[in-house]
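Here subunit A shows up in two complexes: once beside subunit B, once beside subunit C.
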Partner chain A sequence: MRDARGQVRRMPGLRLWLSGSWLLILILAAVFAPMISPHDPLEQDLFAARLPPFWQQGADPAFLLGTDSLGRDLLSRMLYGARLALTVALVAGTLTCLVGATLGLIAGYYRGWADLVISRLVDIWMAFPPVLFAILLIAVLGTGLTSIIVAIVVIDWTRFSRVVRAEAMSQGAMDYVASAQVAGRSRLGIALAEILPNVLPTIVALLTLEMGIAVIVEAILSFVNLSISTDQPTWGGMIAEGRTSIYQAWWVLVFPLAALFLTVLSFSQLGEGLKDYFDPVLR
Partner chain B sequence: MQIVRTLLTRLATTIITLLGAAIIVFVVIRVVPGNPIAMMLPPGATDADIARLEALYGLDKSIFEQFLIWIANVLQGDFGTSITTRQPVFDLVIGRLPATLELSVMALLIAIVVGGSAALTATLYRGTKVEGGIDVAGGVALSLPDFLWGLALILVLGVLWPLFHISGRVSPSLGFEFNTDFYLIEALVRFRFDVVLDLLGHMFLPALALAIPLAAIILQLLKQSLKECMHDDYITLARTKGYSETSIITRDALPNAILPTLTLVGVQFTFLIGGTVIIERLFSYEGLGNMAIDAVINRDLPLIQGIVLVFALLFTLVNLLVDMTYAALNPRLRHA
Partner chain C sequence: MSDLIYRVKDLRVSFPDLSRKPLFGAAPRIDVLKGLSFDVAKGDVLGIVGGSGSGKSTLGRAMIRLLRPDSGSILFEGTEIAELNEDELRPLRKQFQMIFQDPMSSLNPRRRVGGIIAGPLRLQGFDNIPSRVDEALEMVGLAKRFSERYPHELSGGQRQRVGIARAIALKPDFILADEIVSGLDVSSQAQVLNLLEQLVRELGLTLAFVSHDLSVIRRLCTRIFVLQKGEIVENAPTAELFDNPKSAYTRALLDAIPLPDPDQVWS
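Let's turn to the complex of A and B:
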């Protein structure tokens, strides 16, 4: 039978290669942004405002992807924007994963009152629209990189804990756990040495997915001007600017949007590919 | 009596969830730095003026007292007064809720129609390139969030081919006076189809942006259930009777495969409603979410509290409704 798994397995290599290459390009762009940027991303030049990208009539080859309404170079802003996007993806994604997976493991394996409290918290969290919750937290915490990361962790830990809890519960009922108990292993030892490795493929897939989500949340916060200081270039901020000048200069919106599309798609494809790679059954 | 007990337990957890949500909203908002009272007063206001206003908004009492007063008022439908507009929060929220509800339900309908027909088509053409194409489209649709779809739709169907409106809820140039806040329903009831078309033209792109990820989820789950059904005996029987493949899928397989999808759609519907916050902002659609972002930017505490609480109420009600529908539809729960 050709099930969903079977189709995923047809070309895991290609997915991993494509998404991995894009993310690698992004990392290089972020790291070397000061060296490869043709212009200062903040430099305004009103005489060069709204220049189209290089293939269009009236373009200036000095500004490859064109300029925004203040005459700032789009390519340079994109390269610098990749820094914030990737930082948020890696740091917020990892922290969310650690907090959520730990709580999920505790709830799913130890059960009892810890499970009761954690599950009730998850229920309460599910009653809030995540975007509104994030915006509210930023308003409370103030703008800045730390606030963005804290907001993402506070909002999204439930994504991990729900899934990990369910997996830990089903793994906890397996025979190998019972035999480890008979062999005299401690509860903590079983949770870390027996349950965790079997839940890991799911956690890894969720982690890369979460990195994509973190990039989106940061873009949304920048879009409503609640991310970091307004003069730092962000993809979300560029999109907000592009949205207002969409009829005069579509390229201001198109380039950061394309970068977001590729990045989020790559993170999710990477997760699918890695999940198969880590899955002991498929391997 | 199993079903009654299940429902009562479910009701109790719903109330606990709502109370927890209220506590969290209250706690988060009371740590907001920056004194909203100071922003309301002109420069040069005396301390006595500040104290009087604080007393007016109850900000001079202890936090616990403030919470009890607030909860008691909320239960009576009194959500306080907006700091920026000086209007009752309840009226503001009720005025905007219909716009968000119309948008959400429209998005849900689009998701069901698109996702459902894609699943049926893929099942009909299973094992061919058509199914492969639908799978790839579904995978991409699922990987990207509503925010990105909204932006892409603005570019393609709003600017490149300007078929639809990309901002607002209705064209002011129509000069149509609405008596209710349910614009679409009112226009339909009053047979003003020019207004209906205009409303739909504004609503279509934001609704589609919200619908795309959900449509992909419906497609995947329904297709999976349908495929499992296609191996059942009653399908083989229908086939030997000579019914067409289309009629077998829609009349025999679909009713048996639909239950898991229905439950999931209910849960996912709350995610969709949550998505309206940023989508309304993106399309300048005058709904609850758009107002919420303004309220946060203006630090309008009573208004934020009211909106977040209404969203929480909406989410928990949808979840409760889904569970009850599931209990009513599932024969194993009904007869237990």
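Let's turn to the complex of A and C:
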């Protein structure tokens, strides 16, 4: 028994460390981007266009990760791109979680007509293809950071409410809820003090997953040029530019893509790791 | 009368039958308790027996107002509680408590034992909560250090003791114990039953003990209700019921008890 538990515990530890480290690096990079960027991310230098990364022949040590077809420094652009990616991840992820989890908790615990309304709404929502929905929303709201965040919240709250509803429902059927009622706890008190703590690990896992998704959505919108103003560096925008010169300068595509991939992976692994960490049975 | 704790008249409970709900309109209702009337005297240890689905748990849960009866009257120590809403019930709640069947489900897995026992005390506005928690743990035979543990770190029998401690910490007048030993192994069963017997004696509790198991009921209870399909078919003191069962259903139940010695008869 003990040994098996020890093995279960080792995995989340490693996961938490790796994903946490990457996200920490990213946060530091985003916060200190103006200080640590070797170049202005918008500065063009057509004589230094498509310089390869430092280990390749013909590289310029001043441009560690090389330059794009307009001669802009890739590293600086990625550092600035991290700012937007993380802002969207944190703000949109948290807001989506708050809206979706609250509605899910209400539907799952209070049931009745509240559940009826919320569940119908979710069904209708799910019938929209999310990417089209996002593009449509941006078209209506106009581009810009706020629009991206609003679009993500509006589209993705159902992800939380569905899962939290099901979880709250199964927790609501447990006897500890009846026991709290016998002790005289109010409905709201039960929802917040008994059910919510038991649903929280699931919410945390979903939240980090949602942060990863928000990064992807922002990248997709940038990719189709619907994110924020075109001259601001974004990972999605960089990927879109890199795509056109993949044979001449693979690095313009690969570096932002790798950063995106690692970030999304780290968010989801962080969630899994935290979930295990929060579980008193596994801890 | 002052020595009655419960006086129940024509208690009816029904549930909607969702499997036969028409597309539009309300689901038909199934009558689960069909107009029960009975008294419970203070200090009684009431056994509620009957087949599965006969309404034993429903009766118990209506008595402590975990569910609202359709109609009828429940006088608890002279107060009519059948129609009260949750806010009106709250100040009365400390007087009737419940011990649940499955302690794994009835103890919040995210709270430590100490917090689980302290929660109801805090809600009901008790003072000196830490000492009351310790006292309750001691009464159920658990050491103080258990208050730092999580439910999953306890054995089944210990968990059930925590459930008992939570109920008695409030010093209630009435406790409903719904199949509280059926999830335990035989030796924990015996220990929990001994504990319950001792608590009834020491605290002067009035207890309603729901069970399938007539041999357990016989040992513990002073009075027995036999439920069949939502009706009380027999209500008699334990000795009388075992000596001289009046209803055919009770006789059938008694005949079904496995005896340790095949030649032995109840006497």
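Assume the second predicted complex is superposed on the first by the 273 of 283 C-alpha atoms of A that agree within 3 Å, B and C clash if a C-alpha of one lies under 4 Å from a C-alpha of the other, contacts with A are read in each partner's own complex, and residues count from 1 in each chain.
Definition applied: contacts are C-beta pairs under 8 Å (C-beta built on N, C-alpha and C of every residue); 3 or more make two chains touch, one makes a residue touch a chain.
Predicted model only: the values in this text are computed from it and were never measured.
Touch criterion met: A:127 reaches subunit B, while subunit C stays clear of it. Looking at the superposition, the partner that touches the larger set of subunit A residues, subunit B or subunit C, turns out to be B. In the superposition on chain A, contact is made by A:194 with subunit C only, not with subunit B.
Legend: residue contacts after superposition of the two complexes on their common chain; A:262 is shown touching neither subunit B nor subunit C.
After overlaying the two complexes on the shared chain, residue contacts for A:216 are found with subunit B alone; subunit C is out of touch.
Contacts of A:176 after superposition: subunit C is touched, whereas subunit B is not reached. Residue contacts after overlaying the shared chain place A:137 against subunit B, while subunit C stays out of touching range.
Touch criterion not met for A:99: it reaches neither subunit B nor subunit C. Shared interface residues of subunit A (contacting subunit B in one complex, subunit C in the other): none. Partner subunit B is touched in their complex by these residues of subunit A: 2, 4, 7, 120-121, 123-124, 126-133, 135-137, 139-140, 142, 212-213, 216, 219-220, 223-226, 239, 243, 246-247, 250, 253-254, 257, 260-261, 264-265, 268-269.
Within the complex, the subunit C residues that touch subunit A are 64, 66, 86-87, 89-91, 93-94, 96-98, 100-102, 105-110, 119-120, 123-124, 150, 152, 166, 170.
On the subunit A side of its complex with subunit C, the touching residues are 174-176, 178-187, 194, 197-198, 280-281. On the subunit B side of its complex with subunit A, the touching residues are 13, 16-18, 20-21, 24, 28-29, 31-33, 127, 135, 140, 143-145, 147-148, 151-152, 154-155, 158-159, 166, 220, 224, 270, 273-278, 281-282, 289, 292-293, 296-297, 299, 304, 307-308, 311-312, 315-316, 319.
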